[in-house]
Every structure is written in C-alpha cells, then in structure tokens.
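We just call them A, B, C, D and E in the order they show up, numbering each chain from 1.
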Amino acid sequence: MPIETAPGLEAGIMLSSILFCLGLAGLMMRRNVIFMLMCVEICTNAAALMFVVAGAHWGNVDGQVMFVFVVTLAAAEVAIALALVLQFYHRKHTVDIDQLNELRG
Amino acid sequence: MSAQELFGILPLLILSAGIVILLLQVSFWRGHLGALATTTITLVLAMTSCFWVAGSLSGATSSIQVTGLLQVDYTALFFCLILLLTAFAISIMGYNYLRLRCDPKGISGSYPEEYYILLLLAMLGACTLIFSSHFATFFLGLELISLSLYPMLGFSLTGDLSPKREKLQSLESAIKYLILSALSTALGLFGIALIYSASGALDFVGIASRITELSQTSTLFATGVTLLLISIAFKLSLVPFHIWTPDVYQGAPTPTTALIATVGKGAVIGFLLRFFNILDLYSSQVLLDMLSIAAIASMLVGNLLALMQTNIKRLLAYSSIGHIGYLIVAFIIGKSTFGTEAVIYYLVAYIITTLGSFAVIGLVADSVEEKVLKGEYPESPLSDVQNPYQRAFYRGLLWRSPWLAGCFAAMLLSLAGIPLTIGFIGKFYVFTAGVEGQMWVLLAGVVIGSALGLFYYLRLLLTMVQRDNVPDINNTGAVQIATSGQLLLLILTTALLVFGIFPQILINWINAL
Amino acid sequence: MNFVFYLTSAIAVVATAMVIFHKNAVHALLYLVTSLLAVAVIFYQFGAPLAAALEVIIYAGAIMVLIVFVIMMLNQGDSTVVQEQTWLQPRTWLGPALLSALLLAQLILLVSSGKISSNQTFHYIGPKQIGIALFSHYVLAVELASMLLLAGLVGAFHLARRKKIDSEGSSNAY
Amino acid sequence: MTLLAIIIILFTGGIIAWLSERYFKAGGRWISLITLLLTAMLLTNYFTFIHSTGVGTAEPWWDSLQISWIPRFGIDFHLAIDGLSFLMLALTLAMGIFGVLMTWNDISFRRGFFYFNYLWTLAGVVGVFTAIDLFLFFFFWEVMLIPMLFLIAVWGYEQRIYAAIKFFIFTQASSLLMLIAIVGLVYIHYTNTGQLTFNYNALLNARLPPGIAYWLMLGFFVAFIVKLPALPFHTWLPDAHTQAPTAGSILLAAILLKTGAYGLLRFNLPLFPESSIEFAPVAMTIGAISIIYGAMLAFAQRDMKRLVAYSSVSHMGFVLLGLYALDTIAIQGAVMQMIAHGLSTAALFALVGALQHRLHTRDMQQLGGLWGRLPKLSAIALFFAVASLGLPGLGNFVAEFTVLVGSFRTNHWMTALAAIGLIGAALYALLMMQKVFFGKLNKRLEKPIREHEATDLNIRESCALLTLAALLVFIGLHPQPIFNIAEQTVQRSTTKIEAVLNIQKFSPEKISSQTHPTRLEHTSIEDTTP
Amino acid sequence: MQGLLAWVPLLPLIGFLILVAIPLFHRSEPPQKFVACIGVGSVGLAALLTMIVAFTLFWKTPSELVNISLWQWMLVDNLQVGFNFHIDWLTIVMLLIITGVGFLIHLYSVGYMRDDMDFRRYFAYLNLFVCAMLILVLADNLVLLYLGWEGVGLCSYLLIGFWYKEPANGTAAQKAFIVTRIGDTAMAIGLFLLFYEFSTLNIQQLISVIDGQEVNTEIITLACLLLLGGAVGKSAQLPLQTWLPDAMAGPTPVSALIHAATMVTAGVYLIARMHPLYMLSEVAMNAVAFVGATTLLISGFSAIAQSDIKRVLAYSTISQIGYMFLALGVGAWSGAIFHLMTHAFFKALLFLSAGSVILSLHHEQNIFSMGGLYRKIPLTFICFTIGCACLAALPFTSGFYSKDHILLSAWEYHQGVNILWLAGILGALVTGVYSFRLLFLVFLGKEGTASTHCKDANTPVMSIPLCILAALALFGGLLAPPLQAVFGVRPDEDHSAWIEGVAIAMPLIGLAIAWRLFLHEQKSGEQRSPLMQFWFSGWGFDWLYGHLLVRPFKYLSQINHNDIIDSLYKGTAAVSRQMNALLSASQNGQVRWYLTSFAVGSILFLALLVAL
C-alpha cells in the first residue's frame, strides 16, 4: 500500500550519507576503541537505513531483509569486537588505539 | 528448493555439516588431532562433492540456480576446489602451529579446536562468496570470512604457550583488521544500498536486466559500484587500500596469514569475475580506469615497500600487494580469449606460491618455537639472526637445510616469475593478456614492478646461500621442521614445478570449465 | 508527515554528532541510542515497522547495552573524561572532519546529479511479507546468517576467555 | 635427438655432480669433465654437415626436434641446429671444458653444488643456442641465469651479492621487455593468420605493421644488448665479471655475452628486417660508442678483472656494429668476433683468475714485474693481451677487420669512429702488460711469491691455455672453415634484408642517407661526407 | 725456384717457434750456443736462400717473377684475401736487405747479448720480427701486408721493452706501439676505403683496376693520405715521429735492425709499393714530399742538440727517412729504395759501432762523457767513421750516391730551385754537422769521464759483422738495385754542375762547422741555450702531444673510471630506496592514520568518478 506523503528517496540517501560520514569522521578522530566501535555501528546503521528506505521506495521486501542481515552482522561483529577490546584492555590497561602500533614499517 | 538445487550446493552443505559435527565433537570430547581429522575429512568430502556436482553439470544445465541466491557452475566449482585444497594445507600448517601454542594438557586448556571450526566457517563463507549471485549471499559470505578471521587473527592470544610478544602482535593485528574491515564492510554495504536504490534489485541478474537504463540515467548506480569496488579493493589490499596488509599479515599467526592471503583474496577474485561478467561491467570505462590505476599503484607501491624490508612476513605481505596488482592487469581485459584464463592461472600460481612461502616461514618459526619450549633457544630473540621472522635468520639456510631452502627458493623464484616455476607461466599469461588488451601502460607497470621485485626476492634468495655469519640454532645448524610440514612443502613445490614445466595440464583443467 | 521526517532526521544527525564529539562514553552511548531511536521513527515513517522494531530492540536494546556493559566493566565512566578531553583537540578532529565533509560533498554531488526515479511513492511492507520472504526465498541466507552468528559466538567465546590473563607470569614468564 | 641428448646429459650431469660430491670428494669436477666431453662427442655427429653447406637450400636446419609442449599457446619444444648454432655450441662446450680445467682446484666450498650450477648454466646456454621456438628460447634464456646467479653469489669475491643482483636485475628486466615483444609478435601473427604459434620458422613470415614492428624490434634489441652488453646497459658487466669466480667469469665472457649477439643475429635481423634497416644507424652508433667508451674505461681501471671486463664491452661493440651494418662481410665478422672474443677473453679471465688464486689480488697497483717470477704465465698473458688488441694473424683481427671492412660499406663515419677503438685496445692491453708483468717486481709480492714456490702455470693449465692460443692462431690464419659454416645462416638474414632494400630502392622516395650503399651504384665520397 | 721464397719467412718463424717452445720440454734454460745456432742459423739460412734465388732470378726477365699462393685466408662475399706472396724486384731487394742485414745483426747480437739472462727470449723476438718483416714485404695484398706491418710493430714493442725491469723502457715501448698504431688505424681505414671503392685489396689487382678505369681522384687522394698516415707512423715521420727517439731504450742491435735498417723503412716500402696510386694524386704526392722535407729538417736539428749517442742516431734515422719520403714525394721511387738500402747498411753499421762503444763503456751512452776513444777501440772508430761519412754523404760513399739521386730528383721535380730541394740541401748541411759532431765528441777530443774505463768489448762475432757492414756501406753505392721493372725507367736529364757541386759541398761545410764548434767542446749536456734546449726536446712535440692528447685522455678516463653511466642506475636505485623509505614511513602502525588513508583513497576514487 503506497504511502503518498513520505519524503523522497533522495532525502533518505542524504540522511544516510550524512550519518555515514559522521561515523567515518568519528572513526578517524577518536582514540578510544569503544568510541571507534560506536562509530562503526553508526556507519553500519547508515547503510542499513538506506536499505530500508530503498526497499520502501521500490516496494519490495529485499531492503528490509538485508536490514535484518545487517543487524545480525552488527551483533556478531560487536560481540567479537568487544571480546578483543577486553583482551586489549587487560593486556595494555588502556583503550587508546594509538598504543597499538608495534607492527609498522 | 528442489533436490537438484540442494545437490548443487552440496559442498556448502557438507561444510556446514562438518561445522556442526565439529562443534558437537568438541563439546563432548576435546582433542586436537580429532578436530584436525574431522576438519580434513570434511574438506576432502567437500572437494569430492565438488567433483560430483561438476559431473552432474553438463551441456544444457551448465549452471544451477539455487533459490536465486546462489549459482553453481564450473568456474565456481573450480575456485571452490582450489580454495578447499588451500584450506587443507592451512589446516596442516595450523596443526603444527597450534601444537606448540596451545598446551593440550593445560589445566583449562587453551582450546586449539576452535581454530578448525573457524577455518571451516571461513571456508563456508568463501564458497558462498564464490557461488553467490545475490548481494545477500555475497554480503553474508564475505562477512562470514571476516568474522571467522577476526578470532583466527587473534588466536595466539589465548594460546597458553605462545610468547607474549606474539600474543600482543596477534591482538594488534586482529583489532586493526577488525576496525578497518568493519569500515570497509560498512562502505560496501553503503554501495550495495546505493545499487539497490538505483536498481531496485539485489540479485545480479535482476540488476543486469536494468543495467542499460541505469548506466545512462543514474550516477547513483556508478557510485554504488565504486563504493563496492572500494570495499573489494580493501579485501584484495589494492593500493590505496593496502595499508592494513603488512601489519595484519605480520601480527597474525602464520597459518591465518596464509589463509587471509590466499582464501581471502581468491574467493573475492572468484566473485569479482562472476560479478563483472554478469553485470558486464567491462564496458564501463570508468571502472576499468579505476582498476588500472589501482593495479599500477599496487604493482609499484607494493614492490617499493618490500624493497628494503627485513621482516619476511611483511615482505611477503608487500609482495602480495604487488602480485594482486599483476592479477588485476589480467583481470582488466576480462572476457577476452586469455583474460579469464589468465586470471585463474595467475591466481592458482599465486595461491600455491604464497601458501608455500608462508608455510616455510611458519614451519621454520614453529621449529624454533619447539626449541624455545625445550629451553634450547633464547625465549626472546636477542638479534635479528635469532628471530625466525627476520631475513638474517635465513642466512646460509641452503647449507644447513638444503631441502627446506630449496623449496623456499623455488617459491621465491616463482614469486619473481622465473621459468621452471608456475609463477613464470602466470606472468606469461599476464603478459599475453596485456598484449591482447594492448594495455601498454599496465605492462610497463608489470615490468617495472617485476624488476623492483627481483631485488628483494633475490636478496632473500641470496641470503640463503650466504656463506658467512650463519646463525647456529643447534649444533648442526639445521632447521628441523615437522614431517607433515615437509610433506606439505614437497607437494606444493612439486605442483609449482610441474605446473611450471608442463602448464598444459592446468590449462586443460581450466579450459574444461 | 514530511515535517516529522525532517525533525527526526535532525535529531538523528545532531545526536550522532554528539556521539562523535562527546567526552563521556556513557553519555555518548546514550546519544547514540537517541540517534537510533530517531532512525527507528524514520523507518516507521517509510512503512517499515518491522525494521523500526528491530532497530529499537536489537540495535538500541541489545547491541548498545552490550557496549554499555563493556564500558562499565572497563570502568570507563567519568574518570576518563579528562583524558578524552586531551585526546580530542581541534588539531585531532579538524582533518578527519574535513575529509568526511569532502566525502559527503562528493556523495551528495553524485547522488543529486543523476535522476533517481520518477516514482516518488513509498510502499508499506509489513512483518508478514518479510517473514514469508525470509523463510522462502531467503532461507539459505538465513541459514548463513545463523552461521554468521555461530562464528561470532565461537569467536567471542574463544577470545573473551580470561583464564590466566590476570595471573600471568606464573607458568610462562613472558 | 642429439640436441635433446646434449641438453639432458648436461642437466643430469649437473645433478650427478652435485650428488656425487657426498661420496667422492673430487667427483664433481671429474663428472663435469666427463659430461662435457660426452656432449662434445655427441656434437661431433654434426661434422658431416659442415662440408655440405649448400647455400640456398630450402631446409636450413641440419637437424631439428619438435615436440608439442603447450598446445594452448602453440608452443613447441622445438630445437634445431644450423651452422651458427653449431659454432656456438662448439664454443660453449669448448669453453665449458676449458673452464673446468682452468679452475680445477679453485673451488673448495660446496664443490658439487658448484659444478651443478656450472653444468646447468651450460645446459641453459645450449638450449638458448638451439631453441627455435620463441617461448622455449625465452625459457632457456632465463634458465641459464639462475645457476649463473648462484655461481656469482656463492663463489664470487667481495661484493658478490651486489654484483649478482645487479646482473640478474639487468638481464631479467630487459628480458621481460623481450617477453612482451615475443608475445606481441605472436599475437599479431595470430590476428593476421589465425594461427597461434611461437615457431620461429612460421613467425619469420609474419607481416607486421611498421610502427608496431619497430617497437617489437626494440623490445628484442634491448634484451639482447643488455646481454651483449652495449652502452648504456653495460654497467652490470664489470661488476658481474669482477666478482664472479674465475669459472663464472669464463662462462660469462665466453658464452653468455654471445647469447645476446646470437639473439640479434638469429631473431632481430630476420624477424624485423624493415625495422632493423631503419634502426641500423642508431645501433651502429651504439656499437661504435661502446667500442670507444669500453676501451676508455678499461684503460682507467685498477682492477685487472675490471679491465678485462670493460675490454669485453669494447669488443662486443664490434659485434653490434657488424651485425647492424647489415652487410654479409660485417655479419660474418661479427660471428667471428663472437668466437674470437670468446677464446681470448676467456683465457684472459682464466689468467687473472690464476693470478688471483696465487697472489690473492687483482689490483694492478699491487702487481707488477711478474715476468721474472712467472715467465710462462706472463708469456701466455702477453699472447692473449696481444690477441685482444687485435694483432693480425690471430682470430680477433680477422673478426675486427671483416666487421670494419663490411660496415665501412654501410656507414663510413661510424666505422672510422669504431676503428679508433683499435688504438684504445692497444692502450689498455699494453697498460695491463706494463702494470702487471713488466717493471720491477712489486715489493708486496715478494713474500707471497716466495711462500708458494711452484707458482707458475702447471702442465694442465698450460695445455688448456695453449690450446686456446693455438685455436686463436688457427682461426687467425685460416678462418675460412668458420666463415663457411656460418655462411648459410648469415645468408638467410642478409637475403631477407636485401629483399627489403631492393623494394626500398625501387621506391625512390624511401631512399634516405642511412640506406645501404651497394657496390653497384658507385656513390662518390661526397654523398656520405658532408 | 721462386717457390723456395715461401721458406724465407718460414725459417725465422720456425726458429721463433723452437725458441719459444723450449720451456715446454726443458725445465732449465738451454745453452747459449744452441739458442744462437737456432736464432742466427734460421735467419742465415733465409739470407742464403734469398741470395740464391735473387742470383738465379737476376738472369731472368721480369715477367717470370711469380706469385706464390699458400692458402685462402678470407673469402667472404667479395672480400677475397689470400695468403699469397708477390715477388718482384722490389720485394727481392727488400728481402735481401732484411735477411742480409738481419743476419749480420743477429750475428753481432750473439756477442752483444752474451751476458744477458734472457738470451733466448731475445732471439725469439728477433726471429719473429724478421719473419713479420719478410711477410710485410712479400705480401701480395694489403691485408697480409697489414699483418706483417702490425707484426713488426709488436716485435718492436717487445724489443724496446726487452729489459722490462726498467719501467721507462716499458713506457717507451708502449709509446712506440701506440703512436704507430695511430698511424696503423689510419691505414686500416684507408684499406676499408680502397676495398669499398675497388672491391679488392690485392695490390696488383688494385693497380690494374686503377689503370683500367676512370677513377675518382678525391677518393684516391683520401686513400693515399690514409695510407700515408700508416707510413708516417711506422717510419717515424712528422707528426708521429716522437716514438723513435724513445725507442732507443731497447738493446742496441735491436735499434740497428728495427729502428734503423728495416722496420722504420716499411713506410717507404708501402708508398713505393703503392706508387701507381700515389701517381694519380698530386695532393698526396706533395703531402709525402712535404712530410719528408719537414721531418728531415726538424729531426736533423734535433740531432745536433742530443747528448745520448743513440738518440743522435735515432734522430738521424728520422731525418734520413725524411729524405726517402722526399724522394717518394717527388716521384723518385727507385731513389727512395736506393737510399733505403744504403741507409740500411750505414745506419746498421753506425748503430752496431755505437753498440760496441756502449758495451765497451759499460753501458754509458752520454756522448759528453766520452771522447778520445779512437785509441782504445780502433776498429769501432774506423767503422764509425765510415758510417758517419756515409751518413753525411761524403763523396763516393754509398750515402752520397743515393742522396745525390734524391736531391737531383727534387730539383727536377719542379724544374729549378724549389723549397723541397732547398730543404734537402739544408738537410745535407745539418747532417754533416751532427754526424761529425757525434764522431768528434765520441772518438776525438779529450777523454771524458767514462772513457777512462773503456775496455774493448769487441769479440770476433761482433767484429765480423761490423767489417762486412763497413764494406757494404762504403761500396753499397755501386749496387743500385734493378728496379726499373717495378717503377719504370726515368729519362736521365742533364744537370748543371753547380747543383752537383752544392750537393758535394754541403756535407763538407757541415764537417767544417762541426770541426769548428764541437771538436774541442766538452761542456756537459745540461747547460744548453734555449734554442738547443728546444731542439733537444725534439721541437717540443712530446710536450705538445702530452698536453694536447695524453693528459686530457688520462684525465677524462680517470674522472670517469667509475663509469658515469653506472651512476644513472645507482641513482635509480637510490630513488627507489628513497621511495621505499617514504612509503615505509606511511606504514606507521597507527590505526587512525590507516583509516584516514582509507578515507582519502575513497575520496580519490569518487573524485575519479566525479571527474569522468
């Protein structure tokens, strides 16, 4: 059933782009690993947002199905990421990503 | 879903079954060798099933569509087979690695068995990726690889016996890969979403049916494909998205490094071939230009970075950047007489050689680790000569362990593209493809890259024949690697030479696709 | 209706901006939840109630809570605010912000330059349709998603074990 | 089959030599010697062909062997022999034997592996000289490098690794260009005829668009002149020669450099006649400059081996000059120069090696006045020094003279320039004699010479060297057999080129200054001298 | 009968081979007697053979002279070179001089070199030289001639540097070889030009081709000049004369044989041999004549200023060959050869006598430390006097006849007083001065520092050749060679008597000047007037060449001895290393930096999309 009054697909894409870029900016500027994880979630969420918007635009289920998978991924990824963060904190006693620089050159 | 469809994805089913069985087995009875056995049996069965499936494909049904998400055809099965073989080799390398890191008799144990579960999961992801004909399966397959790789990268973290330095490096590589890969996934998803926005379809055939009107009207689609390509370039570590490669390769457990360098890239290449073919992206000059620039940059930057590198794992990481650059050169001409063939051949060459060289490094490091555990060797290397990951350690290896060094030399020569090895035929294919496509700039890049590459491959090679300042890790100076490892190296070297001298064998297989 | 969309969009953007600039992790997380809730509202507006629900339940509910849990576990409360302050100097964020702005500009340019579609109508897609799709056409994908979760499970289980981490130095002195 | 047998025997001989060292200390060198003698005996099978050189017969090959190898690309394992190949094979095997004899006791480290590499290099070279499938040619071209690399890198002198890598990168990078050119050539032939083949005989008839042909020709050319070596790609040679062990230097100088010249004659000229004609003035200039520049650098060296190495640059310049004169006499001269230079320079390197082995230095500042102590060695060195400066009556003179006579017909000024190189040769050869053998005995040498009493050449070395000397005298006084054997191959190149020239001659606008002034049209000197 | 002539060069070659091969079979040095037998015997046999053949041929007509074909040397395309000998009277005269004088000098050497360690090596070289020289004159084509030509050059090099322990000798030897090689190279280019033009290098064919057709004079001129280049190199004429004085570093008999009697006259032989070619080009003829005239004056004056007995003789040799070139240049072919022959006799005599002096004075060569030796070594004195008389062309000596012939030809050439003739006359005066200066300073006057230790070193084996040569020098003027068949007969012209008178007077005036200036002068060589110093240094040619050619070349090659082209590649390597360092710095291990690079990469890719 069509929804006549919704804003355009473009608006959705714009919003999603803005959110994605914000996430990217945060990823680049934060040194705290946990913040970085949050920023990754922002980025993922931005992509997921676009799937839903596009799905609504085309009127097929694929968009929301992809959303489901993206959320699944986000959950699994965060689980592993947090496990690694815990290990990181316990070994280095910091969450500063810049401390992870033994491998270089 | 019909029975034929189910039969088509038999390799995937077998892998899934293997995963479940292994899970159950581990929860009841932990045992390293047992896990290895289950894994190898699963892999062998999956390989066999590839042949069955291939046998059922014929004439009219040269490909099977499985619920619109997967598509099984000869090329995909060939890739699948290659990757499963690789996984087999990696499981052997992994066994030798874990044997020395995870104390089986430890009080709580450090559970090496998970490694095999993750390996099988990664293989499931890789095979899915290759079979995928839909963005959902593409995405899930890709992420399945990544998600299994994160813990595998950080695996020595939990090994009771792993040296502390190794643990920290392993952790670092896992976190770095995770953050960067997550971003790349997000970007790729963003790209897929854009493609979906533009086309309204997620399956490749559906997109392809709309492609003519799309490419004329919408930059949305092009943007989406570009973003997706960036994500793929990241996985392939093409310049400028290569920057994670050396750190992750160096820090990871060597079998995982081999996995990420071979399966991680091979599956993506397999997918890319299908993706470009179905969507006919070869007609898009912009994309080809992008790929060309990335390829040239990869060949130059990768080889330049490797030039003065003394850590062998990093060196191979850099060299793999260059090699993917060469591969992309062949890839760019795409659907021509030699294009696809060249890509597949080069990929096989790359996989065999990379696997072999990482196997050597890993096995040598393992043999040192064994001595450390026995207390015969300093725990933390005092100098480069004592560090098995440093070039200096390989001084005079040919005199100390001639067979091992011979295998490694063959690998290096293959990487350098010298005749008698498969790497040469691969490079020859690249040249043929390049000439066919008349891509002289790219070929110039290949030549310059190869010339640069020669320098560091040769330096490493000649380090092995050096006569003085040879490290002495025990009285005879020989490096004694595990028997299974020896066998693995022997097989890989034989394949490398046989396919190098009689390439027609492999060409026939590829052309039978 | 459009007004609601723009309002919630603005909330989402502002809240997200707060996330990346805020010093306190817990506060930032709350802003993130706010942002996610705003996105859920948008989903609802676009006729995707299931997505909206999942966004709230899984994203805001489960994943964020997981992060909160870890923040608490690491004791990342007020104590680190000062540290975050020093880390987040204009010098640090200016470059990334500019780069992101550039990327955004490019994306907007590219998205707006092409005509998307003449059709500006949206469709309501309910949970039922999605459920049917998931368990018919997408059943293999769902199975794969389960494998994905399995991988996450095995990985997290393996990595998060903290055995001997604290008592290191006893048996293997590295 | 004989050709295949030769290659296989060399390969297996290498492996046996390697393995035997474990059980029998001196096994490697004896097995090498026996292997080489065996192959030399096999080569004598072809003696019957020497006298039956009917010029212009349809089948130019004396013998050939064709086995399908990679059908996907139309690549065959295709060996064949003709006069030129025969000469080169004979040179290769002779120098191989010479090298073994001269360095009988030099090697002490991993002797078996040394001879393995030695024989494999030779096998590769034999392959290069007999392969007439372009892919196979390239294959052997590369295969011969690896063992050579090891020879330099393992048994070389102080800077061996640097020299080995430099040597390898130069040759390899340039040969990649050749590979591109080969593939390009094959591909054009394929698009023209629909037949995918790397067969030399088939590709001879490929019709190439002029522009592309020029580039392809350059691809081959660069690879070959790097090996030759000619300016500006010669800088690997002094390092490689100097750092290589004596046997390696002998192989490099006597044989490996010849592969470049062989390639030019076998491939460049017949495959790309038009482009070669167009390019000839440039190539001749490169050759002439190489002659002078090499001589000048040889003169400036302190290291005796470097001196000989630079003299090779100079001498091989004559080959380049001669080949690109595109004149029968000059090309014959170039072939002769390959052989004569092989003999004389190999002997010089052997002598420097003998000195280094005895006195542990190659620095000419630390040598001097050796005639009094090592009269035999000095006398033989004098002979070869004189040979290398092109004394008439020895092979090098015949070669240089015919090259210059022939190339003078094509290009007066470059030939005159090249002839100045003869003075340069005298300069460095005599400088070497003066600094090393004449003058007072260097004080630094009094001790080492006294310590090793029997330092002069022994019977084995003397015989090997005197045989070379006799050969040089023989080809200097009676070079006709070699001219006869090579004639057919040379004819085949020149007839193709002359055919092109004739076409050009009849289209008047195409005649430009660089074309070949034939003897028929009596161009006066004003035409060529401004 | 003539076929036997093939053995003439072969005999010395066999001698050479035997002498060289001895160490292969015999550990110690063989006895001197054996070596002398081989060395002298082979040349003696050759001389005997030549004389017999010449004697038998003397009665035959010229047409019966034949070619001897040994074997085909080179046959490529139309380049056809045989190992063939051509025999005519010019050849036979040269053969007689070479083997005859050569034999005498060999014989003398047995005595002269009796105390030398390297007796065998000496005779080996000498035999090889004779062989090469014989091939040179026998060759029927220019390539074979070139073989002999370079062969004698090599032997000259070896013999100049015979006493290798003294570095100066080596330098002199090198100089000799390289300077002559410069000429040889010119000659080689001349050969190429001739072949290019006429498609043959056979001398007789060449001549017949030239006769038969209309030829381009300019090419002939160029070819002649190039050949002249070779000739001036070998014959030490201007501008390549500088090597000969230094060549005196070799043993004195060597100087007699190679640097006076035979090899240095090869240039004369070459031009005489190629005379039909030269006759076609006036420019070339004039060039030859002027080279000769200039050289004879310059070196004549240089000879006056020298203090080394051998250097005086060396400069006089250059001067006398200048006369021969003058003769060639004015077309007096047989005059040139005649002078070549007489010069061979008297110059060999002079050198051998000088050798006796040097040996008697224990290797003292400075004429200012000699003097008054006529009492102590009378035989040498007599021989030397005869030699000087011949050199100065005092009437009725052999030198007089030949030089007179040349001067008359020069007069005739331009029908009157001309610069060439004047140069010849002035040269005759100068010759008189320096030859008698030498005689006076060495044998007359007060005893010098070295004279007191003088001990007559002449043994019979040395005296006999001296006597024979003295006789030849005195009476050789009667043996005018029968060269009409080769050069054609020139009509005799009558000359006014004053011309003859001038020619006779000049040497006498020279004698008087020498008597006046030098008989009682015993000042040491060090203090010279600037003019004398200039002459002493050989007109500064060495200095000039040193600064003009040698030093720049050495400098250039020295600064480039590391090969500037290599720096190109080293530079490439350095740039690669820099790039490596730069890129490696980008791998700094910082995740945020990596993320930034990722973002930048994405921006670049999208920018590409935007741009296209």
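Some points to look at:
FYI, contacts are C-beta pairs under 8 Å (C-beta built on N, C-alpha and C of every residue); 3 or more make two chains touch, one makes a residue touch a chain.
Please read these numbers as outputs of a predicted model, since none were measured by experiment.
Least step count on the touch graph, chain B to chain C: 1. Chains that count as touching both chain C and chain E, per the definition above, are A, B.
Across the assembly, the mean Cα position most removed from that of chain A is the one of E.
Closest chain to the protein centre (all Cα atoms averaged), using per-chain Cα means: D.
Across the assembly, the mean Cα position most removed from that of chain B is the one of E. The mean-CA centres of chain A and chain E are about 95 angstrom from one another, to the nearest whole unit. Inter-chain spacing, taken between the CA centroids of chain B and chain D, is 44 Å. For the pair chain A and chain C, the distance between C-alpha centroids works out to 4 Å. One finds 66 Å separating the Cα centroids of chain A and chain D. Of all residues in chain E, those touching 2 or more other chains are 584, 587, 589, 591-592, 595-596, 599-600, 602, 606, 609, listed in ascending order. For chain D, no residue reaches two or more other chains under the stated contact definition. Along chain A, residues 9, 13, 20, 23-24, 27-29, 31, 53, 55, 57-58, 60, 62-63, 65, 69, 73, 76-77, 80, 84-85, 87, 91, 97, 100-105 each make contact with two or more other chains. Chains touching one another form the pairs A-B, A-C, A-E, B-C, B-D, B-E, C-E, D-E. Contacts from chain C toward chain B in the complex involve residues 107, 110-111, 113-116, 137-141, 143-145, 147-148, 150-152, 154-159, 161, 163-164, 168, 171-172, 174.
On the chain B side of its complex with chain A, the touching residues are 135-136, 139-140, 143, 147, 150-151, 154, 157, 167-169, 171-176, 178-179, 182-183, 185-187, 189-190, 192-194, 196-197, 200-202, 220, 246-247, 250-251, 309, 311, 314.
The touching residues of chain A, counted against chain B in their complex, run 9, 13, 16, 20, 23-24, 27, 33, 36, 40, 43-44, 46-48, 50-51, 53-55, 57-58, 60, 62-63, 65-66, 69-70, 73, 76-77, 80-81, 84-85, 87-88, 91, 97, 100-105. The part of chain B that touches chain E in the complex is made up of residues 175-176, 179-180, 183-184, 187, 219, 222-223, 226-227, 229-230, 234, 240-241, 243-244, 246-247, 285-286, 289-290, 293, 301, 304-305, 307-309, 452, 455. Touching chain A in their complex are the following residues of chain C: 1-2, 5-6, 9, 12-13, 16-17, 19-20, 25, 28-29, 32, 35-36, 39, 42-43, 45-48, 50-51, 54-55, 58-59, 62-63, 66-67, 70-71, 73-74, 76, 80, 84, 87-88, 92-93, 95-97, 99-101, 103-104, 107-108, 111-112, 116-117, 119-125, 129-130, 133-134, 138, 141, 145, 148-149, 151-153, 155-156, 159-160, 162, 165-166.
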